[in-house]
Amino acid sequence: MPRVLFFGRLRDMAGCSEREIACENDLDLPTFRRLASLGDHDLEEALAARSVRVALNAVLVPVAATCSVSPGDEVAFMPPFSGG
Amino acid sequence: MPRVLFFGRLRDMAGCSEREIACENDLDLPTFRRLASLGDHDLEEALAARSVRVALNAVLVPVAATCSVSPGDEVAFMPPFSGG
Amino acid sequence: MRVVVSTQAFAPDQELASFARGGEAGAVASFVGYCRAEGGAVERLELEHYPGFTEAAIARLAGDSLRRHGLIDLLVIHRVGAIPAGEAIVLVAASSAHRLEALTAVSEVMDYLKTEAPIWKKEIGADRARWVEPSAADRQAAARWAEN
Amino acid sequence: MRVVVSTQAFAPDQELASFARGGEAGAVASFVGYCRAEGGAVERLELEHYPGFTEAAIARLAGDSLRRHGLIDLLVIHRVGAIPAGEAIVLVAASSAHRLEALTAVSEVMDYLKTEAPIWKKEIGADRARWVEPSAADRQAAARWAEN
């Protein structure tokens, strides 16, 4: 089962920092976002925002639209960074 | 009697860091440079270089040509600075 | 080069004192960022990171800066977790033969940390809890390095 | 603000540790310049200054930078006299609310020290003794501040 990680304000919206997603098949990213949001449409929309970067197994996904999520993958949704 | 201070490579050329100039009258700067050089024409020319800044009584002289030196004054000849 | 991402508090002075500048370094530039109390409005910052991913991203941007500016050494320490007002968040130190490279690298690394380090910063006070996002000025500051 | 011109050796780490950054400082930037051995060619630097005049000139350029950038505090220590290879020549530290002001002020003060501080620097080695003059790059670096 793939795992989703939420950071920053997305974590606050989700109410948790990670979830396991019940799915045994490969998923495209929009489908994964829908499953990861557990019916929370505000969260689903927030995950799809242009400013949100996506990492698949701790590697930044350059073009989120082409991303496919397999069972065992870890997908991170990351709002704008604010280090320093 | 006015006093002349030499800094940096001008000090090396003059062979000393300061001299008292035997003179009881006000002097314009070219005359002061000639007296301060004690007949050393290379030094006199070096003191007149555009890159050399002049301080009169520890205040930078903006336009050296208009500077008049009185007995009791301290005149510093300063080649390009290299702090830091 | 040394990159540290840790929840531990650190002492900037001690870290700078032990920063090995190397024999031919003529220049050491540094920057320390502190958690500002903003007149008591901020009690602490809470910095989230993505373990592994965050360290790798900072190491990559630091390594790029080290090579681009021909630095002798570079140190980046970024604290994460809860940081009380007044304590240090980040330290960047760079050594080089001449001053321009070290000074430029420190500014550049700081600008990149603001927009490219996977860290999320929340300000917590009696009357506020808000996520900080990079300002337009932060984005412009980071963008100027890419232009050169 | 504190400006020191002295023949005494100083410990940059200790000076930085005691640099009072003040309660609302979010940023401390610093720069330390060292005497480089240049592979053994340089044994020491000899820095001449004009007592009184030099201190006043550095205090003026430091005060201008403090005001222009709204700094919280600024420290300039410039050693003069004989400085053996490996020892510190100059330290500039600036504190401010946000990073840009402190980083900019440190770069600016360093650039001005190179061209506007009445100090004359001679490199001494087994095979050389030469007066250092600001390079074209140093002059350009100082000039960029006047343009802004």
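A, B, C and D are the chain letters, set down in written order, and residue numbers restart from 1 in every chain.
Everything below uses one rule, namely that contacts are C-beta pairs under 8 Å (C-beta built on N, C-alpha and C of every residue); 3 or more make two chains touch, one makes a residue touch a chain.
Just so we're clear, the structure is a prediction, and the values are computed from it rather than from any experiment.
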- Set of chains adjacent to chain B and to chain C: D
- Rounded Å distance, chain A centre to chain B centre (Cα mean): 74
- Message: Measuring centre to centre with CA averages, how many angstrom lie between chain B and chain D?
- Response: 27
- CA centre of chain A versus CA centre of chain D: separation in Å? 49
- Whole-Å gap separating chain C and chain D, where each centre is the average of the chain's CA atoms: 23
- Message: Can you list every residue of chain A that touches 2 or more other chains, as numbers and ranges?
- Response: 84
- Note the residues in chain C that touch 2 or more other chains, in rising order. 33, 99, 110
- Pairwise touch list, complete, is A-C, B-D, C-D
- chain A partner contacts - residues on chain C that touch it in the complex: 33, 47-48, 50, 52-53, 56, 58, 78, 89-90, 110, 113-122, 131-134
- Note on the structure: As the complex stands, chain B meets chain D at residues 5, 7-9, 11-12, 55, 58, 76, 78-84
- Note on the structure: Per the touch rule, the chain C residues reaching chain D in their complex are 12-13, 16-17, 21, 23-39, 86, 97, 99-100, 102-103, 106-107, 110, 137, 141
